[in-house]
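What follows are several structures.
What follows is chain A paired twice: with chain B in the first complex and chain C in the second.
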Partner chain A sequence: MVRMSSVVIVGYGGYVPRYRIKGEEIARIWGRDRSELPTEEKSVTGLDEDTVTLAVEAARIALKRARIPPSKIGAVHVGTESKPYAVKPSGTIVAEAIGAVPRITAADFEFACKAGTEALQFITSLVDAGRIEYGLAIGADTAQGRPGDALEFTAASGAAAFIIGKNKNEGVAEIEAWTSYVTDTPDFWRREYERYPHHTARFTGDPAYFHHIVNSVKNLLENDGYTLNDVDYVVFHQPNTRFPLVAARLLGVDLEKVKPGLVVGQIGNTYAACSLLGLVRVLDQAKPGQRILLSSFGSGAGSDSYIIRVLENIKLKRDLAPPLDKFIDRKTYIDYAIYARHRKKILM
Partner chain B sequence: MFRIKIPRYWRHKDFRYRLNAWRCNHCGEVHFFKPLVCRKCRSREFNQVSLPDTGKLLAYTVVRSPPEGFEAQSPYIVGIVELDDGTRILSQITDCHPEELKKGMRVEATLRKIREDDEDKIIAYCYKFRPTV
Partner chain C sequence: MSRVYIAGVGLTKVDEHWWISLENLMTEASIKALDDAGLSRIDSIYVGSMLSLILQEQGHLGALLAEELGLSGIPAMAVEAATASGSAAVYAGAREIESGRADAVLVVGVDKMSDGMAEEVAAAMTSSERQEYTGFIGATFYSINALIYNLYMDKYGVSQEKIALFPVLCHEHSVNVPHAQYPFKIKLETVLNSPYVSEPLRRFETTAIADGAAALVLVNEETARKLDSPKTELLIEASTDYLTPFQREDPLWFPAVQLATSRALSRAKLERRDIKILEVFDATSIMAILSLESSGFAERGKAWQLLEKGELSLSGSIPCNTFGGLKARGHPAGATSVYQIAELHLQLTNRAGKNQVDSARAGLAQSLGAVASTAFVTILKEV
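Here is the complex of A and B:
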C-alpha cells in the first residue's frame, strides 16, 4: 500500500480506433457457437495505426484537458505488450510527437494487461517524490490473438493517457492510494520472436485473474482504512464481459458501481489500456467528491489497485476534449477478410 | 525494395510529428523544413512556428496506383488542407472512406504510420488529417 501525499490527475484521455469486427463474424469464420461470445465486438486498428500512434492520440487528448505546456512534462512512460520495435522505445516517439523532449525520462513498461497501471505507479511516485513536476503515463496496445484461438474474440486496440501533477488546483482527480499484488503465475505468455501469445485456458480465471484482483483490492481497502461503501465506482480489468462481474460478486461490490466503467462489450480487451479506459469512461461522468476504485490485472501475474477521488475541476476540464464514448460510437464494421489485412494476418 | 533515408526522416521529424514549421522573419513565408534561404524573398532569418492542427479540406483524390513505399496502405486518400492560419498543406486523409468526404469539411491532424523500410524495417511516422471527431 502506498499513500500519496498529494498527487493528482491533471489531464486524461482515451482513444479507440475506428474499426470494429463483430464477435459473430469471427465465430462464422471458425465455425464457433455464436450464443456464448465473450464480447459483442472489438476495436481494430487502421492500416496506419500501431501502439505508438494510439498512445499519441490519447496523450494529445490528455494534454488538451491538462492545459499545461508539454515541455513541463518530466517523464513519459508507455505500458504495452505490443510495442512496434523490440528495441527502440515507444516512449521517445510519443514524447517527441507531443513536444515533451528532450529534458525527460522515457521508458516502456511490460506486464501484460497491467503495464498501463504499472506505468502510472512509477509516474505517480516520481511526482510524489518531487523529482518531476508533471509526468505522462500511458497504457496502449494493439493486442494479438492467434487466428481461431479464444483470444481472437477479445484481443483489441486502444489507449489511455494520464498526466499526473502535484497541484490540487489543477487536478481533476486525486490519487489517494495504490497497492500491488504479484506472484509468478503462468496463465498467459509470449516468447521472443513469437507472433501470438499462449494461455492456459480456464487456468486464467481462479488462480490468475480472480486471485490477484481480489487480494489486491482487499489489501488496499484493509491497509488503508477504506470500505466498499467509500467508493462510488469500481473499475476492474475486463478481459471479457463476464470476469469483471464475477470479481464484483466475489468482493461484494454492487454491480451498479461496476457498469459505468465497463467498455469490453463494445471494444473488446484493449490489454494495457483496458482498465484505464474504464477509468476514463468513469471520469467522463463522475461528480466531484466521488471515489473510484480501479483494479487492473496483468498476466504473469499481478494486479494494481488505486483509490481515486474526483475533484471539483472535473467540471471545468472534462469538456475540453472529446469524451471516450465519442470514439466508441465512431465505428465502421469490417469483415474478417479486411480484419485479417488490418492485423497483418496475411503473410506474403 | 523501398528504403527510407533515415537521416532525412530524422531531420524532418519536427514538422512531420508536430507541424512545427519555419516562418521567414522578413516576408512571413512558411517553409515546412528549415531552408537556407527564403524561396520568396531570399532572406536567411527564420523563426520556428507551430502550425494549427485543424483546418478545412479543399480538395482530395484517391491514390490507387501508389509510388514505391506506399503500397501497404493503398488505396489511400490524399488531400489539400487549408489550416486555420491559411497555410495550405498536402496530406494523406485517414479514418474515412472517400464517399464520406466533402470539400470544406473540418479536419484535424493526427500522427500515423506513413510507410516502412523494406529491409531495415524502420517505421516512418507522419501527420495525416482526418475528419474532426
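Here is the complex of A and C:
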C-alpha cells in the first residue's frame, strides 16, 4: 500500500487507431466457431503507426487537458510490451515529439498488460517525492497474437497517457492510494526473438488474472480503510468481455459500477493501455467527488490497484480534448488480408 | 495360483492441479490407499503413467514413489500402455500376486497433463499412435475418432443426437462425486452446440486436460483375511490390436475389447448378465458406444438404445460410469483406468455415497489404449 500525500492527474488522454477487424472475420479465416468470440471487434494500427506514435497521440491529448508547457515535464515513462526497438527507449522518442526533452528522465517499463499502471506508479512516486514537478506516464501497445491463436481475436492497439502533478487546483482527479500484488506465475510470455507470445489456457484465469486482481483489490481496500461502497466506478483489466465481469462477481462488485469502464468489446485488449483506457472512459463521464477503483493485471504476474477521486476541475478540463468514445466510434473496417498487411503478418 | 483382492483404494480429485507436483499426486493417492487398506508394508510397487516422460521429462517413477513413501529398497517400476497404463500396472501387480511372489502390491496410476501447453499435450497424446504412419500425416486421436464417428452414423443410420447422450449421462452421474473434475449436469443441446474438435466430434464429446492419481492396494488371499478393510476380488485380462483402426477388418469393431472381455468373464466364471455395473472408456462419445457394442453389452448399432431407455443410469439395469466416467470424473491419461477400477471397488463395497447402486455383486471395467489398440478388462467381485 502506498498512500499518496497529494498527487493528482493534471491531464489525461486516450487514443485508439481507426482500423477495426471483426472477430467474425478472424473466425472466418481460421474456421472457428462464431458463437465463442471473446470480443466483437478489435482495433488495428494503420500502416504508419506503432506503439510510439500511439503513445504520442495519447500524450498530446493529455497535454491539451493539462494546459502545462511540455518543458515542465520531468519524466516520461512508457509501459509497453511492443516497443519498436529492442534497445532504445520509446520514452525518448515520445518526449522529443511532445517537446519535453532534454531535462527529463525517460525509460520504458515492461510487465505485460500492467506495464502502463506500473509506469504510473513510478511517475506518481517521483512527483510525490518532490523529485519532479510533472511527469508523464503512458500505457501503449500494438499487441501481438499468433495467426489462428485465441489471442488473435483480442490482441489490439491503443494508448493512454496521464500527466501527473502535485497542485490540486490543476488536478482532474486525485490518486489517493495504490498497491501491487506480484508473484512469479508464468501464464503468458514471449521470449527473446519470438514474434508471438505463448499462453496457458485456463491457467491464465484462476491462478493468474483472478488470483492477482482479487488479492490486489482486497489488499488495497483492507489496508487503506476503503470499502466497495466508497467507490462509484470499478475498472478492471479486460483481456476479453468475460473476465472483468467474473472478477466483479468474485469481489462482489455491482456490475453497474463496472460497465462504464468496459471498452474491450469494441476495441479488444490493448494490453498495457487496456485498463488505463477504461479509466480514461470513466474520467470522461465521472462527477466531482466520485471515486474510481482501478485494477490492472499483467501476466507473469501481477496486479496494480488504485483509488482515484475525481476533482472539481474535471468539469473544466474534460472538454479541452476529444473524449475516448470519439476514437472508439471512429472506425474503418478492414478484412483479414488488409489486417495481415497492417500488422506485418506477411513475411516474404 | 493365488486369488487377488483389492484391500484399499486412494484417489486424488481430478483437476488442473497447478500447485501439486506429479510425485505429490501419486504419493497422496498411495498414502490414502495404504491407509484405506490398513497396511504400511508392501512387497512391490507398479506405477502406470502415459505422459510423465514427455510432459515432465520424469521417468523412473517406481523408485521415485518408493522414495517418497519411505519404502526404498522394495522392487518398484513403471509400466506403460498409453491411456491404459494404469490398468497395465494393475495387470503387472495382479500377476505378481497370482504367481505367489508377493503378498501385497501397491499399484498407482498418475498423469499431470496441465504441465504441458495444449499443443504439447496433443502431441504427447498422439504418442499412442504409430508415429511413422498416423503421427506423420498429422492425424490425432480425435481426428481418427471423427472418421469412425462418421462411418458409424453412416453404416447404422444413427444420428449424433443419440450418441451425444453419453456425455450427458456421465455428467448426470458426476454431480455428487467429490473427486470428479466436472461435477455438474449438462444438456444434450450443450453437447450438440459445442464447437467441433474434429467434425462431427464436438468438444463436449471429448475430455479435457486433467491431472490426477489413483492407487490400489492388491493383496493375496492370506493377507486379505488379516485385513479389516472392505475388499473385492479382482480378475484382469488384456488384449491388443493393430495401432490404427483403419488397418483392421472393421474399424467399427474392437476385437481387443471383445477378446479381453470374454477372457475375463470366463476366468471369473460369470455371464454378461451377472455384471451389474459397467465402466467404459469414454475418451470420446463414439468410443463409449463402440466399447459397449464390442464387449457384447449392446447389440451392434444399438448401444444408443440403452442410453435412451435409461438402462445405463444409476437406476437402470446396468448402470454405467457411475462416477462420471472419463468425460465428467475426468481423464488424466495413464491414471484413468485405476480410477475406473477404484470406483467399481467403492460401489461393490457399498461406499459409493449418493451414487450407490443397489444389489450389484460384480462389475466390469474396460480400459483402452488409443482406439482400442490395447484393451484391459477388469472384473471385480463382491467378497
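Couple of notes before you dig in:
Here, the second predicted complex is superposed on the first by the 348 of 348 C-alpha atoms of A that agree within 3 Å, B and C clash if a C-alpha of one lies under 4 Å from a C-alpha of the other, contacts with A are read in each partner's own complex, and residues count from 1 in each chain.
Simple rule for what comes next: contacts are C-beta pairs under 8 Å (C-beta built on N, C-alpha and C of every residue); 3 or more make two chains touch, one makes a residue touch a chain.
Because the structure is a prediction, the values reported are computed rather than measured.
Of the two partner chains placed around the shared chain by superposition, chain C is the only one that A:201 touches, whereas chain B remains out of contact. Of the two partner chains placed around the shared chain by superposition, neither chain B nor chain C is touched by A:69.
Using the contact criterion defined above for the overlaid structures, shared-chain residue A:99 touches chain B, although it does not reach chain C. Using the contact criterion defined above for the overlaid structures, shared-chain residue A:147 touches neither chain B nor chain C, since it reaches no partner.
In the superposed pair of complexes, A:326 makes contact with chain B only, with no contact to chain C. By the touch criterion stated above, A:36 is placed in contact with chain C alone, chain B being left untouched. In the superposition on chain A, A:288 contacts neither chain B nor chain C. Touch criterion met: A:47 reaches chain B, while chain C stays clear of it.
Remark: chain B residues 13, 17-18, 20, 72-73, 92, 94-95, 97, 110-114, 123, 125, 128, 133 touch chain A in the complex. Contact residues on chain A toward chain B in their complex (touch as defined above): 18, 46-50, 52-53, 56-57, 84-85, 93, 96-99, 322, 326-327, 330, 332. If you check the complex, the residues on chain C that touch chain A are 16, 18-19, 114, 117-118, 193, 195-196, 209.
Interface residues of chain A, counted against chain C in their complex, comprise 32-33, 35-36, 198, 200-203, 206-207.
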